[in-house]
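Paired with subunit B in one complex and with subunit C in the other, subunit A is shared by the two complexes that follow.
Take a look at the complex of A and B:
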């Protein structure tokens, strides 16, 4: 029984990690006032580039790095469109997702069905071999730890550093930040590209670790859940981390419920819907109740800013 | 203080500053200088180029021609950082604050370089005490009153030890007591040698505070004076460039039938930082102009929406029009009964900026003026109605087909007010009738309101501008944290009395003791 619980917990953490990467990246972009709905597209690009580079070079580190760069590059395209050319953020973000789906399928056409060795699990002497604690905490691959470390780092950055404060200020009021003399557009470029890099990492984790393979549209909506997680976490890294693991839990629950589906007597599609239903339910509750004031979005989220000359 | 005969260079000198925007010269060869410790007024109407000029001094905008001298040396102010580094501080008219962040963070963001937050926290408390500007560094901005927000801006400037402090229309949002307190701080700064560039169009304030005044009109310097000796009328005429017209005021009339009646109106807000209305009650007689004063954010938006019908109330009889309960009716049914409204925000609320003037007339007057019958638009009648508004209210526009956004603020406001008045309302509710409007248009709007009242309509004016309310209204009451004070006759109301009703000290309970000289409330 304990083994089973450990197994479930481990699978929840792994299911949550791609969403955690993407959500924390998107959180940074949104705190600077940029709403990038292209997360799904950037994750796919990260997944295919990470897979392709790892396969052709044999270096997972190179693959992961390239995935982050590819995500950031796609985010840069988005940033040029919405920050420099003042395109509408929502429409451009949606287009970016569609573009990412198509481009990743094109790049990955030759990779479908190719085998690859997954990322090596961590193997710390003593710790990893501990009963229960070992598999529970010390037997993941490096990216799982990286996702948690980056979440903590982002939280610390936003709360305790001057640069983080400027980033939040830019998202709160671009006008004010500009009139005090902070570089609004520059900050937003960097934040958007960081978001892209994180989405790329999330995608690479999918194609290198969760299921070491490439398949078209393999993110299957995780980018959208990551977007919802940012709202769920009310733009705070700690809550996003919690949210990611809850949603990872719902995903795994769904798989297991499907496995033993006959006992419940519901069609399997109902369980596949679960994570998405949970997303809708949570978003509705957050934005409707009397507590909504406490879940404030950055005031300038999604608005273009044109500095007066 | 003003004349530094020793030959030391002025703290700030502008030489022939010119700034052009597409289609308009905002500053045209502006020159003047400010001495150390001098409080220098920059006086002018909206659109005279004051804000552009100070933005150049603060490095937000760049001049096309001319030079800025600082202590006798020519300087280039590439951005606000450069301006702050030489000692220029600025308090913006529209505050440059971040609502969701703390006072401490807001101040740190406006300082050069990174700051040690703990030390900064202590310095904020220290400086705010020294200048009588109490602040709690941990509070978030959205929990502060407008006066407190301004304190944040001022303290932010003071922490940088400024040599020149620019104040852009600082009193437009303050109660009279807050204004007095601000002036105390500014005089203290001046005595310590800090120059102050004070921008305003309120003449009495300039007379009270400033050592010297430069008057701008149409982007040019049109005069200089010593405000202590120059009359306010003289300054106003320099500012406007014409003789002031005196309003044709009506004599007092006996109060007749009640036209509009608000009784025990309570409403829970639907906005995150909104204000709940608490048993509001007042009456407006035929021919009466009733004023609602108060600092912005005390429930004005909620009250306007409740009166117009954008928000309906459960108890129909809490709003009555000529005796008929209308509280549960929406905007259009209320309008059909004769209740017309002019909301505060011109662009996007009172008018659709991208639509033509004719269409903007249609959306409001379609039923009362029968411009759309059975769902079909009568284009000719609509255009005629729009033309009538343009003519009767002297709106400067190319014609009924020009887009609303192509009009200046004053002209659009005249158009919107005209649109409602020509529908011959029984009761007109109007918010901030002359906000950001030039003096000529303001006078025209005031006159139109007088005339409407003369013809027997009841008028409710919601405004933050006390001078305007005292000019227009027969009686007024003050809205404070969602409660309305008792009504007082403007004929015998003093500024102090109204200021106390406005809750000059924030954090004071909404219940202000019955007034008359209870000045101990004003610390």
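Take a look at the complex of A and C:
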């Protein structure tokens, strides 16, 4: 029984990690006032680049790094359009997703069905061999720890550093931040590209660790769920982490329910719907409950800014 | 020398309608480079993509077959986009419309009667409206973003379709393939042009675009939509209902997407299959913007996007290019279009740092 619970917990953490990466990245972009709906596209590009580079060089580190760069590069395209050319953020984000889906499929056409060795699991002397605690905490691959470390780092950055405060100011009131001399557009460029890099990492984790392979559209909506997680986590990294693990739980529950679904007599698709229905339910609860006032989006989210002088 | 951007006081009309052409030209240029990078002959590949769809009567008829649903959906979406209602789940509304329409076709399978097709149209519209009503309800009641809910419902609709074609609606004589029975004669849209797949759906799309144009140009509702989108504060003072606009634009978009789905199953497909369209619901978003959210522009834009679909299919056959290349083109087109909007809103002035005379002698 304990073994089973450990197994479930481990699979939840792994299922949650791609969404955690992407959601924490999007959180930073949104806190600076930029709404990037292209997360799904950037994750797919990260997934295909991570897979391709790892396969051709044999180095997972190079693969992961390239995935982050590719995600950031796509975010840069988005940033030029919405920050410099002041295009509509919603429409541009959608364009980024459509473009990312197409480009990743084009790049990855030759990778379909190719095998790859997954990321190596961590093997710490003593700790990893402990009963229960070992498999529960110390036997993931390095990217799982990286995702948690980056979440903590983002939380610390936003709350305790001067740069983090500037970033929040830019998102809350671009006009005031600009008038006291902060580079609004520059900050937003960096935040958007950080978001892209994180989405790229999330995609790479998907194609290198969760399911070590490449398939067209393999994110199947995880990028969009990551966007919902930012709302669910009310733009705070700790809550986004919690939300990602809850959604990881829903994903795993869905897989296990499918396995035993035949006994209940329900078609497996009913369970596949769960994460999507859960997203709608969660968004509704967040917006409808008595706590609604406390979950405010950054005041300038989605608005273009053009310095008046 | 430096560049200076000035906001235009008045926006010249030729720029509004000229920039989509510029975006198309830039997309073609980028396609040329992309094909070179991929090691293809750029000239002949572009020819397959852009010209080959127009060379045969069959190809021209296909333009209308593929453009029809795009125009239908985009017309509905454009009205929502004008009012700042971001319904991006048209693909799901299309799927539901197809399911409802197919439900009628299968319920009266083998029956004859001129009323079957009209009933399918109504059912298709209702299916799409039902699916669009969910984000509309959540948005107006709880202020839940329609962007995420409408998109999530797209995945749910695809799964509902999958349940039906794998289970209760599967063709009993279909060797276990996940698809419904072929519809009988009375549930199939009549073909207009002998020897092609051109069916009545294309006319329905043109009619919808014309009706939307009248709605936007001549009615109070159309005016209300524009005001709610462009000046929400003024709309509130004028007593225009924000919630009413959300309901109206989502239900209308849902109905049109639902009809598009029904037209697909009763037209070119002729049965319910697990994969109904190559993503018309998403491409229609690009069509709406390329057409400048204007029904007449949308008809032209729908034809342009239909070319990209047929060209993509041809390129798959003749140049072994993956289907996904179409998506790259479509995404790029929207990028360029959004970027070129900057030219519409701002005038670019080149200022030289030095006085003019020195520049001339230099």
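We adopt the following convention: the second predicted complex is superposed on the first by the 309 of 309 C-alpha atoms of A that agree within 3 Å, B and C clash if a C-alpha of one lies under 4 Å from a C-alpha of the other, contacts with A are read in each partner's own complex, and residues count from 1 in each chain.
Quick note on the criterion: a residue touches a chain if its C-beta (ideal position, glycine included) is under 8 Å from a C-beta of that chain, and two chains touch if they have at least 3 such contacts.
In this text, all values refer to a predicted model and were calculated from it rather than measured experimentally.
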Partner chain(s) touched by A:179 [first = subunit B, second = subunit C, both, neither]: first
Partner chain in contact with A:126 - subunit B first, subunit C second, else both or neither: neither
Subunit B versus subunit C as contact partner of A:277, first or second or both or neither: second
Partner with the higher number of touched subunit A residues, subunit C or subunit B: C
Which superposed partner A:1 touches (first subunit B, second subunit C, both, neither): neither
Which of subunit B and subunit C A:92 touches, first, second, both or neither: second
Touching partner for A:162 - first (subunit B), second (subunit C), both, neither: first
Residues of subunit A that lie at the interface with subunit B and also at the interface with subunit C: none
Parts of subunit C lying in touch with subunit A, wherever the complex brings them together: 38, 86, 88, 134, 138, 141-145, 147-149, 151-153, 155-156, 159-160, 162-163, 166-167, 282-283, 285-286, 289, 322-332, 334-335, 338-339, 341-342, 345
Contact set on subunit A toward subunit C in their complex: 37, 41, 77, 80-81, 85-88, 90-92, 94-96, 98-106, 109, 216, 220-221, 224, 227-228, 231, 267, 269-270, 272-273, 276-277, 279-280, 283-284, 287-288
Residue ranges of subunit B in contact with subunit A within the complex: 59-62, 79-81, 84, 92, 94-101, 105, 108-110, 114-115, 272-273
Residues of subunit A that touch subunit B when the two form their complex: 162, 165-166, 168-169, 172-173, 175-182, 292-293, 296, 298-299, 308-309
